[in-house]
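Multiple structures are listed underneath, in C-alpha cells.
Shared between the two complexes below is chain A, which has chain B as its partner in the first and chain C in the second.
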Partner chain A sequence: MESDNDVALDIIITNVVCVFRTRCHLNLRKIALEGTNVIYKRDVGQKVLMKLRKPRITASIWSSGKVICTGATSEEEAKLGARRLARSLQKLGFKVKFTDFKVVNVLAVCTMPFEIRLPEFTKSNRPLASYEPELHPAASYRIKNLKATLQVFSTGSITVTAPSVQFVATAVEQIYPLVFESRKTAR
Partner chain B sequence: MSPRVCKNCGGTDIDIDQARGDAVCTSCGSVLEDNIIVSEVQFVENSGGGSSAVGQFVSSESSGKAPSLGAGFHNSLGKESRAQTLQNGKRQIHHLGNQLQLNQHCLDTAFNFFKMAVSKHLTRGRKMTHVIAACLYLVCRTEGTPHMLLDLSDLLQVNVYVLGKTFLLLARELCINAPAIDPCLYIPRFAHMLEFGDKNHEVSMTALRLLQRMKRDWMHTGRRPSGLCGAALLVAARMHDFRRTVKEIIRVVKVCESTLRKRLNEFEDTPTSQLTVEQFMKVDLEEECDPPSFTAGLRKIKIQQIEQELTKKIQDVEDEIASYQDEIETELENSRPKLKGMYASLLKDDSLDDSSSLTSGIHGESEAEDEELTVASNHLSKDLYNKMQQKNPESVDGQCQPASKTPSLTSLLGPLPTAASLGLTESIKECIEDKKESKENGENGELDLNGIDDSEIERYLLNESEIKIKTELWMKENADYLKEQKEKEERIAKEKELGIYKEHKPKKSSKKREPIRASTAGEAIEKMLEQKKISSKINYDVLRDLNKGGGTPNHEQDGIIHSGSAKKSATRRRSTNNNRDISTPVSNMGKRLQPLISSQPTKKIAAEQVPGSQATPVESSKTVLVESGPVVYNEEEAVEEEDEEEEESCVSALQLIGGNDYGYEMEEDEGY
Partner chain C sequence: MQPSGPCPECGSSQIVEDSLYSQTQFVCEDCGAVVSEGLLTTTLSEEKHLNEVKFSRLPTEKQPGRGHIQGLQRIRSLCRILRFSSNIEESSEVLFKKAYYHPAFLSTHAEKKEALAGCCVLVACRQNDWPITMGTISYLLQANGEVMHKVYTELVQKLHLETPPTDLTQLIESHCNSFKLSPSSCPDLFSECTTRLAKRASELLELADETWLVTGRQPVPILTAVTYMSWLSLRPIASRLNISLINFCKIAKVPVPAPASKRLIELQDVLCKLGQGLPWLRGVKLDRKSVAKYTEDILKHRGILLRQAMRKYEEEWENEQKCSSVLLSDSEEDSQGPPLKKTKLDEPSERAASGDQVSSNTSGHKGKEVGLNSEKEKSQCPSLFLPPCLQNPHPRREREVVAELDVFGDEEILDSEIDMYIRTPEEVQALCRAQAKLMKSS
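What follows is the complex of A and B.
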C-alpha cells in the first residue's frame, strides 16, 4: 500500500480550502463596519474578506451566506477556523447556522529522495502527463478518478492538489512508481 | 462505357457522339441515349477575343448549396457559417504561415488540425487567432521545425502563456502527442542569424556537442531550450574566435541577460568547463552532474550544517575561556576561604534548578542574551558534570553533554524524510478518522462551540465607540459610491411605478458614436481624431494640411504615421490597390477616408483633383477615389468587414478610423 522500499515520504500540507453556508442573509456593510480585520471588496461580486489570526485563515463572505475559507494547514484547522468565523458572525447578530461544510481543495508538497527525468517521464505517461519547458519547468500529471493534479519537478519535489487529504496521499502513492522509473540513477 | 446492346436490333455497334451527347446504334439507327453527361472541358469566347473555360469552381469543403448567382461572387456570400469559418481560418493560417516561412505541407496539416478543432467546438469562446496560432505551433512541433512559441506570440502580440494554454488544450483534445522540444533543433537557426560565415557549420557542431554535454549534466531539464542554446552558442563562438557579445545573442535568442549569465555560470560549475578546446573536442567526460537547482538545495543544507557546527565551536571556545576564568577565580578564592564555603552551598542549591534548564539550553543554539549568564551556566554545568561524573558516570550521559561535540549533526544530516514522515503519516490517518466523526455536527446545522474561544472572538469585533468612528470613516470614503447607489435605487423605484422598469444587466458599453457631420474632409478628420485618440505618433497638423496642399510631402506622413512598422505600410499599399479594384458602389464612405492617410500620394494626386473636388458629391467621381462630399462616419464599417478581410488585421489605416473591433489591437501595435 505504501511506497516500496522502507523510505516513507513526507507529505506536507500547505493549504486547505473549504466552504460552508450560514443559511441566512448577511449584511456585508454591517460586517465591514463592525469587524476589526475585514476588507470590503466592492469591485467584482461584492464580498467581505475576513482574516483570522489564530488559525491563519482568510475567508470570503458573500451576502447570500456562502463563505469560502482558505489558508489552513490541515482539515481540522480548516473546520476550526470555519467554526470560529461562524461564531464571530453570530456575535455580530446574524442567525448563523453552520451547514454544508466541505473541504474543496488541498494543496500539499512532497519531496522524492531522487531526481526525475522529465522528458522520459512525460513520454511514458502520455496523455496524462504534459511538459512544456517553454512555459513551466514542471511536468503536470492529472489523475482523473481522484481529480488530482500533480506537478513534478526535476529536483524531485512534487506539488499535489486534490479534493481531500486522503486523495492527496493516494495520488502520491500512485505516482511514486511512475516517477521511480524515470528517476535519475546514481552516476 | 461498357459495350451495350441495341434494344431494337441487338447490334453491338453503338456510336457515341461526345459533342452531341448521343448514343446511336449504327445498324438500325435508333437513339439509345440522349444528353449523355460529358466530362469534357468546353471553351467560350470572351469579349476581348480570348477564350475561357466554362464552369464554376466548387470547393471540396462546401456543402450542397452551389452558388448559382453567377461567376463574379468570390466571397462568402450565400455560404453557411461553418464553411465561412473554415475559409476564414484557412486564410489566416496561410497568412501567418507565410510569415513563419512554413511550407505548403505544414500549412495543409495545420488546416486539418483547425478543421478538427472546429468540429470539436474548440473555437467557441476563444479568439480565432489563438486557435490558429495553436494549430500552427502544433504543426511546428510535430514536424520539428525550429519555431518557438515565442515567435508566434511575437507575431500576434499575445502573451506566451495564453497561447501556451490554448496549445496545451488543443493537443489534449486532439490527442496529439507533441514530441518534446530538443534545443538542438534551434541551433542551426540561431547560428544562421548570428552570421558566422564560412565557419557556420563548425560552430554549429561545437554548439551541438556543448548542448549534449549540458544535457548529460542535467542543465536542460525544466529550462527554456532557447536559453541553453544561447549559452552553448556563445561558448562555441568564443571557442572559434568569433566575438559575439551577450547583447547580440540575447537579441537573437530572446532570453534575458541574467538568464544567459546564469546558464553560463552553471556550465562553469560542471567539470567539462575545465577542459581546453582541443580536449573538449576529443574527450567526453564520463561523469554526470546533478541538476543545478538540486545542488543549490544541497548547498543550503550544507551551509546550515556548517553554521551549526560553527555555533558549537563557538560554544566550546567560550567554555574554554570560561574554564580559564574559573581557574583564575578559584585561585583568587583560595585566598578567601570563607567564600568558598558559601560558593559550595550555592552550587548545591542551584544544581537542582539548573539541571533541567541546562539540558535544554545546551542542546539549543547559543542565543546569549547575557553572555555572562550562559557562560556562567555552562561553567556551572561543567562543574556539575565533573562532579557528577566522579559519582555516577552512567547517569550523566543522557542529560548534560556540554563539552562533547554532540553527534546531533548526524541526526540532522541523516535521512531527512524518515524522521518527519512517520509523524506525518500518523497525523494524516488521524485526520481521516476525525472526518468521519465530525460528520454528525454538519447535518444538524447547529454550531458546535467546541474549542472556540469566545473571548478571543470578542476581540475581533469592535465596541460601540469604535463602530461609530469606523462608520464615519467608511461613509466618507465611499460617499460617491453611496450616492450612486441611492440614485440608482430611486431611478428603479420610479420606473417600477411607471411600469417601465427593466432589468439592466451590466453591458459592456458599446462604443456607438454619432456620425460626424463635417463639410470638409479636414474637419472630419479633426473631429474624428478628437473623439478617438489614436496615437501620439501622428502629426495631426500634417493630417489637416492633407486636403489643402495636395502636393505637401506625403512621405512625411508615411514616416509619421507608420512609425516603425514597414509591414503596415506595405499592407496599406496593398489595401489601397485593392480599393481601386473595388468599384465605388461597393466601397463605403469609410474607404474613401483611406486615401487621406494612404501612402500612394503621387499617383493619386495626378489622377485626382484634390483641391477642386471637395464639394462635389459622391456620384460624380467614379473612377477616382476622392475625399469628396461630406464624410459620413458610418457604422456600416462592420458590414464591410467581410470585404476588408483580405487585408486582414494588418490594415491599420482603415481600422484606425473605422472598425471599432480592431481599434484596440491596433493601438497596441502602434505602441510597439
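What follows is the complex of A and C.
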C-alpha cells in the first residue's frame, strides 16, 4: 500500500478472525467422535476445536451453533475455510445453514524503513497514543472511527488490529506521517 | 383486602379479620375455616405502598465501606513511607474514592482493590511529575505485578486519565539513593558518593538512550546496569573491577532484576565500539572488563565519538557496496549487501513467507518484494546502533511456505476435500473400542 510517493510499504496480514452461525444445535460429542483433527474442550464453556489443513484454519465450535474461525491470511480464505467447515458439519449429519458470516478482526504487520522514538511519538500524539514501558515494549495508538488499534515498536514494526482489511490499510496510511515525524534521524 | 362472599365451608357470613404473625387472614367465626389470606409482608408490597424507602435513596451521607477505609489507609502509609507531598496524597485519595465506586472496581475481589490503591498513588505521582516506577509500588504493597498491570490499564482506560510517562533521567537519582554505598554500610573501597554516582549514571543513561538500549525496555534493569557501570568507572581499581553485578547489588543491599546483566553487556559493547574512536586507545584491545577504566573519557567525548563511529561505518558500507556492485556488474542477480543490513532489511521478505500481502502495486510474489528491498538497500545505509533485537534477531523457525491460494471465498467445495475430515464408520468403532479399553484399564 503506497502511503508516500517514495515508499512502498508491505502490509502482511497474519490473522483473520471470522464468525458464522449454523442455525442448528450441534452435538459436540458426535463431532469429536466422528470428526478428525478435533479436540473436545470440556472445561469452562464447552467447545470443540476443529482444524482444517487447507486453508490452515482453527475453528471453535459451540453447541449453540456459533463458530469462530481463526488463522486465515485473507478475508476470502476465511470465508472459504468457514464454508468448508460448515460443509464438514453437514456431512456429519447436522442440518447446517451457513448464515451470519462476518469478519470480526484482522491482524496485520507492517514494517517501516526506519526506527521510531517512542517517547517522542507518544508525547506528540497524546491522548490517542500511550506508552508504558513497564507494561509493554510498544506504544499503542487507537483510531476510534476505524476501531483500529496499532502497536508501534521502536524497531519500526507496527502491528495493526482492525475489523477489516480496508480499515487496516487506512490505519497504516494515517499512522505513517505520525511515525515519520518521530523517526530516528542520524546525528 | 375484603372477604368475598360467605364462608365456602359452612355458608356463614360471620367473617372476621385475623392475622397469623404478620400475614392477614379472613377467618370464618363459626367453623374456623380460612376464607382468604393476604400477602406476607414483603419489601416489594411495602414499597408499592411507599412504606419502605431504599437505603440508597436516603438523603443522609453514606459512611465509607470497609474496603474503602482500608484502601485509604494503604494510600496514606505508602505516601508516608515514600515521603510524598500532601498534594500527591490528597489527589491519590480523591482518585481512589472515584475509582472505588466505579462499577468496574466496586464488585472486584480484594486483591484488585489492594492494587487499585497503589495504582491511584502511581497516577497521582505521574500527574505531579514525581518519578516512581510501578515496580517500586508493587514491591512495597507486596502485590502481584500482573494484577497491578491489569488494574492500572483498566483504571486509566475507564476513568480517561492522562498520565504523562516518567522520564528515566528523573528516576536515576532516586534509584541511586536506594543503593546503600555510604562508608558506614560498606567497606571504604566500595563506598561512593550518591551525587557523583547519580551524575555519572545519568550520562551513561543518555548514551544508552541514544543507542537504542532504553526504548521499549523495563526501566529498572537498565537503571541498575547503568548504576553499576558508573560505580565501576568512578574508581576503576582492581578490587572493584573484580566485583560482578550480582555481588555489587549484594553489597548495596538491592535486589538484582533478571535482565540487568543483559543490559550491562549491551552497554559495555556500545562503550567498546565508541572507545575505539579515542586516539589514545588505538591499538588497545578494549573488552567488557577493561572498558570501565576509559568510560569517563568516552562519556566526555560521546557526541563526537558517536558521529565519528557512524561516519566511519557509513564509509565502510559504501566501499563494500561499490566493491560488490563491481563484482556483480555482469550478473543479473541482486546484490546481497553486508550481513548487518541483511539482518534488518531482509526481515520483511522473510515475514512475507508467512502471510498474505496487501500491496497496491505488487502481484504478490516474493521475488518482486525482494527486488524492492534491494533497491532500498542501495539508497539507505542502516544505522550502526540499532535496537538489539534487530542486531541479534532470534533464529526464526522456518515455516513451511504455503503456496498462495488464489481464493475468492465462494468456490465450489468438493466432497473429496471434506471426506478427509470425517472418520469412516470402521475408524469410529475402533476409536470406541480403544476408549472403552482405556476406561477399563484406568
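We adopt the following convention: the second predicted complex is superposed on the first by the 184 of 187 C-alpha atoms of A that agree within 3 Å, B and C clash if a C-alpha of one lies under 4 Å from a C-alpha of the other, contacts with A are read in each partner's own complex, and residues count from 1 in each chain.
In the analysis below, a contact is a pair of C-beta atoms (placed from the backbone, for glycine too) under 8 Å apart; a residue touches a chain by one contact, two chains touch by 3 or more.
Bear in mind that the values here come from a model prediction, so they are computed numbers and not experimental data.
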| item | value |
| --- | --- |
| Partners on chain A (chain B, chain C) - clash or fit | clash |
| Contacts of A:E173 with chain B and chain C, given as first, second, both or neither | neither |
| Contacts of A:R23 with chain B and chain C, given as first, second, both or neither | first |
| First, second, both or neither for A:P55, with chain B first and chain C second | second |
| Which superposed partner A:T14 touches (first chain B, second chain C, both, neither) | second |
| Partner chain(s) touched by A:E181 [first = chain B, second = chain C, both, neither] | neither |
| First (chain B), second (chain C), both or neither touched by A:T73 | second |
| First, second, both or neither for A:K97, with chain B first and chain C second | first |
| Stretch of chain B, among 21-29, 39-47 or 111-119, that runs into chain C once the two complexes are superposed | 111-119 |
| Contact residues common to both interfaces of chain A (with chain B and with chain C) | 8, 10-12, 33-37, 52, 54, 74-76, 79-80, 83-84, 87-88, 91-92, 111, 113, 115, 117-119, 122, 126-127, 130-135, 137-138, 153-155, 165, 169, 184, 187 |
| Contacting residues of chain A [partner chain B, same complex] | 7-12, 23, 32-37, 42, 52, 54, 74-76, 79-80, 83-84, 86-88, 90-92, 96-101, 111, 113, 115, 117-119, 122-123, 126-127, 130-135, 137-138, 153-156, 165-166, 169, 184, 187 |
| Chain C to chain A touching residues, read off their complex | 133-135, 149, 152-153, 156, 160, 162, 165, 212, 215-219, 303, 306-307, 310, 345, 347-348, 351-352, 354-362, 369, 372, 376, 380, 383, 386-387, 389-390, 402, 405, 407-411, 413, 415, 417-423, 428, 431-432 |
| Chain C contact footprint on chain A (complex, rising order) | 1-2, 8, 10-14, 33-37, 50, 52-56, 73-80, 83-84, 87-88, 91-92, 108-109, 111, 113, 115, 117-119, 122, 126-127, 130-135, 137-138, 153-155, 165, 168-169, 184, 186-187 |
| Residues of chain B touching chain A in the complex | 148-150, 160-161, 164, 167-168, 171-172, 175, 177, 180-181, 218, 221-226, 287-291, 293-294, 297, 415-418, 420-422, 424-425, 427-428, 431-432, 434-435, 438, 441-442, 445-454, 456-462, 467, 470-471, 474, 478, 481 |
